[in-house]
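So, here's a batch of structures to check.
Okay, so subunit A shows up in both of these, paired with subunit B first and subunit C after.
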Partner chain A sequence: MNALARYRVETDRIEADVAAVTPRVSGRLRGDPMNVTVQDLVKTFGETAALYGVSLDIRGGELIALLGPSGSGKTTLLRLIAGLDFPTSGRILFGDEDASTKSVKDRNVGFVFQHYALFRHMTVFDNIAFGLRVRPRSQRPSEAIIRERVLTLLDLVQLPGLDRRYPSQLSGGQRQRVALARALAIEPRVLLLDEPFGALDAKVRKELRRWLREIHDHTGHTTVFVTHDQEEALELADRVVVMNQGCIEQVGSADDIYDRPATPFVFDFIGDSSALPVEVRSGQVYLDGRPIGIDAGGEPEGPATLFFRPGHVQFVNDDSGGIAGIVSGSRRVGDIRRVELEAGLVRHRFEIDVPADSQAPKAGRIAVKPTAWRLFPKDE
Partner chain B sequence: MSDLAAAVPARMSRQSPTTESRFTRGVLIGVAIFFLGLFLLFPLLVVFVEALRGGIGAYFAALKEPDTVSAIRLTLLVAAIAVPANLLFGLAASWAIAKYEFRGKALLITLIDLPFSVSPVISGLIYVILFGAQGYFGAWLQSYGIQIVFAVPGIVLATIFVTFPFVARELIPLMQEQGTQDEEAAISLGAGGFQTFWRVTLPNVKWGLMYGVLLCNARAMGEFGAVSVVSGHIRGQTNTMPLHIEILYNDYQWAAAFAVASLLALLALVTLIIKTILEWRFGEELASAGRQGDIR
Partner chain C sequence: MNAVAAIVGRRPSVIPGFGITLGFALTYLSLIVLIPIAALILRTSSLTWEQFWAIATNERVVAALRVSFGASLIAAIINAFFGLIVAWVLVRYRFPGRRVLDAIVDLPFALPTAVAGIALTAIFAPTGWVGQFLDPLGIKVAYSVTGIVIALTFIGLPFVVRTLQPVIEEIDREVEEAAATLGANRRQAIARVILPTLLPPLLTGFVLALARAIGEYGSVIFIAGNLPYVTEIAPLLIVIRLEEFDYVGASAIASIMLAISFLMFLAINLIQAWARRRFGHV
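Right after this comes the complex of A and B.
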């Protein structure tokens, strides 16, 4: 709590300074946005496959999120783009240039590690200067230029005056900023971040999120970050890549992902939703043999899964169709009250939202009809 | 309020479950200190008392004796070769074990420990069997006029064998705990292999490395068994300090024997002091290495 308070005071104090230096910084740091193309990427570790033929076009200057549960292959994909691992097959293009066989050393990417991987025996200054100092003599800037650049970057990441500190003397959020400054110092063509806010507490995470967006808009780097936090992905990224079990499920804007989920996985993974096993018969949707008053649209006949969000329902008269359920519980979630219902003989669970100020139905029967929904045919 | 005040001390006076009575505690500590004094401190004290029995002049005269000087010189030479050799090996082995996956890794870790489980006499004997006049390579070496056993090279080899594990055992757990992220970060920033090693890996393990070198050096200078087998005990030529002490002792030159012994004991004390300082200042970093079992 104390560290957070200190951190916030610091942030406030330097906000004005940053505003002053920002134009200078953006002119200096802005690189040419680089398209990154991933083609049919396959990666296996021994017997197990981590990626099954993934293809993705990342536009220059875009801020893109790789979102998925653990084990979905998102970090593997990021490390392949960075060159920290090599694909079993497939290609990675930086612009028009095939980078697949290049090592991470030659790809010129800025990589921010989940646990920052700051060099603990070096000061903040030396950490940020590292990438410049290890350059071959012919490309190495003079110490004076390195110094100016490091101090500029420290301003950019809002940590002026901390150049002599050691990583162990910094808070988590400050370390994250140093890690980003260090990655930006080498003028990377692409910026890659692995769970950039994963190790931070919720409050700092939200602040850094906004701040990363600002940095991205200033510097214009093509940026890819990995996260398992859907809120983070949807809020921060231009486009979100939803991954599951080594495959891409959907690529799209926050609106696309949330309002038009392409697969059952995306519907289930993003936001809250209920899924009911239904049957499509002659254009109507049946639950446990009862029509529920939903038009099946063009969906094929046979078993299917009906997805809808808890907020997208309206109450209907029990006799006029709809999904009838018996209230089994309710809980307060933020601004709304979520009611848990059990439908039909096999007690399919589903949830609906009611206003928080409405009386929580303790028991009894409620019938609802989804106002927005999606039907996915059963795989088998 | 007063009830509460009365209740608290009553509870406080109750012992924590793992604390014994005053008496038991006193006896345990007393026994420990008694044994420590009898078996460690007293002998150490005797070494210095005996060494200085004839006075300071006799002490330094004994140390200036040519065979003694030669023994000291040889010991320093052997340590100067064995310690850097094992430093290099230890770095290479721990780097390979901590940062890469390869077949036979478990076997390599086990093999590194071999010198600890083998009697030093056997360690020496191996080299006699290999390089001695009747050994496997004896005749071949002799035809080139190369003498290994009963000469300095044999002593160096035996010492390297005996001190093999010290640096590696210190670094392996340390490097394993640190993982490869720092190295990945360095490479992603454009550093080459050597730059990464020199600027990132080595500084990350430097205190652990110093600790290992320190222990390695203490053992290299103090090793008796293995060196005794391959040395041949030629005065002024193949006697290291420990061997020379034994010879002096067997010759009833007590004062001289203890004078040289006091030097070795001093080395042990200095090692201990530096070790303590390292542990005190960089305890956290060394802890992971110590947890794996302090080797000594």
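Right after this comes the complex of A and C.
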């Protein structure tokens, strides 16, 4: 049996295991999916604002990614939803209920921290049982039920038999699974994850990503996670919230975000793209005073920025218009070869993709025309 | 030098100097600690077993040891409790005068202990600032065991505070937040999450304060009144024996103190080692 076949068998076995465990779990772990509504949330820390009036509707059972560069306010938003911080103004609704003034302890959210925040003096078992054991006596399940629940959760996060280990005896990926099991143990109404895979290496990240999706599909919690990794966000989430400088730039599915970026920031931040300063004049697009054969559509006259992806170009004859550039370099990126070009007098840099098996153009002049593009007026 | 270099050279390491530092540490410890202790035990061993036993069971000696170890234990427990609170406040809260307060913690380190003893006596004597109010209530601080405990608490406080401060600073805020998201109230978070992590350094601070208190002499003799059988501490009794030129008697009492201290600290060390194994950290 070759390695791939063995891997497939192994994967099928794991999936069968998860499926076998899940029906048993889901009855108890599946809460009613909770809508979460964020209204005009503003948060300032002293003089500096971290969020400027953010509004967002999260549907029950949805898996949402908050994506943005560091300092974009995504973690602040997550902490406000959790109740770990309180907004300067604005409201947070869980269902129809205003949760804004409730303390974190009463909001019943599961929160998974980037650095796990496990209780290191407790065993894995005690960590997961913590949320149940601190309940008031009247709501506290018996030790036997707690035990059953903890062991079921350990099965769900695929760590059976590790209940007596201490966190220091686990790998990073295992710790993150324990942290998730601990958050799920309290039957949260909403599950919040702050850069859940940020501290893990690339291979473990990918595994956990797929596995988190499975867990989400089985338990049906409304889930919000923060990430700065666009691949992670686009692959995992039902909808992605792209944030920048304390504002939401765009909310949409992976297709929306990738194919129909709403703002220059989203176009620039998601995927690879080139941006060229152009001018719109009488329905035509000009670069350095030369028309490049693109129809401006309904864009207003005046300076604008032209965005296009390296793959969305076709070669044209220099005479028939297009963006002419001088090759300044090329490099191999995965399955394609990316060629770097400089256009015009001020040497605007842009990139195009060519098949990897084609010879890398060493020098000379190439003219291309974007097949798909977006124009954003300057100073929007 | 060459021999040391050869030993080190055989096992290349990014952190050199194992041989030379180990040799230095052992020599240093021998000179500073082991040789004086050996001399003390050697001196004591000139006694026959019967003579030694007579000194060890002498009523005045037993009473002095009881006062010394009893008062030191009480003082160390008080320090562990209040030192924890002081350290917590100094690390966790920002308030005007925090740095001044932080510096004050070190004063008992720097103050000559005799000065501390005289100052405390002046305050707690029946005519002193505080003593004049306590005296009518029938509370006698100076010239009693209470006074000894207060003096020993004074000199032991910095040990607990300074041991705990860095550990409290390192407590991950996220761990407390995690406890809160899981539904724990503040009391539960402190009892189940924070205190267990502070227990090992608290134990270390307790041991240091205790050790310091057992050896303390200067401040206690001023406030204790030094009444034999009642407020006489063992270190004072040793000095009295020396002044009587009873060097062997003095070294016998010292050896007994040494033995008791050693056993106590060994026990606490074993507890810590157990905690380290159990929790994988200290």
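The rule is simple: the second predicted complex is superposed on the first by the 360 of 380 C-alpha atoms of A that agree within 3 Å, B and C clash if a C-alpha of one lies under 4 Å from a C-alpha of the other, contacts with A are read in each partner's own complex, and residues count from 1 in each chain.
By our rule, a residue touches a chain if its C-beta (ideal position, glycine included) is under 8 Å from a C-beta of that chain, and two chains touch if they have at least 3 such contacts.
Computed from a prediction, not measured in an experiment: that's the story for all the values here.
Colleague: Let's test your reading of the overlay: on subunit A, do subunit B and subunit C clash or fit side by side?
Modeller: clash
Colleague: With both complexes overlaid on chain A, does A:Arg347 touch subunit B (first), subunit C (second), both or neither?
Modeller: Touch status of A:Arg347: no partner.
Colleague: After superposition on the shared chain, which partner residues are touched by A:Arg365: those of subunit B (first), subunit C (second), both, or neither?
Modeller: Touch partners of A:Arg365: none, neither subunit B nor subunit C.
Colleague: Looking at the overlay, does A:Phe119 come into contact with subunit B only (first), subunit C only (second), both, or neither?
Modeller: both
Colleague: Figure out whether A:Ile186 sits in contact with subunit B (first) or subunit C (second), or with both, or with neither.
Modeller: both
Colleague: Tell me which partner A:Arg332 touches in the superposition: subunit B (first), subunit C (second), both or neither.
Modeller: neither
Colleague: Now for A:Ser168: first (subunit B), second (subunit C), both, or neither, which partner does it touch?
Modeller: second
Colleague: I'd like to know which partner A:Arg140 touches here: subunit B for first, subunit C for second, both or neither.
Modeller: It touches nothing on subunit B or subunit C.
Colleague: Intersection of subunit A residues contacting subunit B with those contacting subunit C?
Modeller: 82, 84, 103-105, 108-111, 113, 115, 117-122, 130-131, 134-135, 182-183, 185-186
Colleague: For subunit C, which residues count as touching subunit A in their complex?
Modeller: It is residues 172, 174-175, 177-185, 188, 192-193, 196-197, 279-281 of subunit C that touch subunit A.
Colleague: So in the complex, the part of subunit A that touches subunit B is made up of which residues?
Modeller: Its residues touching subunit B are 82-84, 103-105, 108-111, 113, 115, 117-122, 130-131, 134-135, 182-183, 185-186.
Colleague: Enumerate the contact residues on subunit B facing subunit A in the complex.
Modeller: Going by the criterion above, the answer is residues 181-182, 184-192, 195, 199-200, 203-204, 206.
Colleague: Give the list of subunit A residues in touch with subunit C in this complex.
Modeller: 82, 84, 103-105, 108-111, 113, 115, 117-122, 130-131, 134-135, 166, 168-169, 182-183, 185-186
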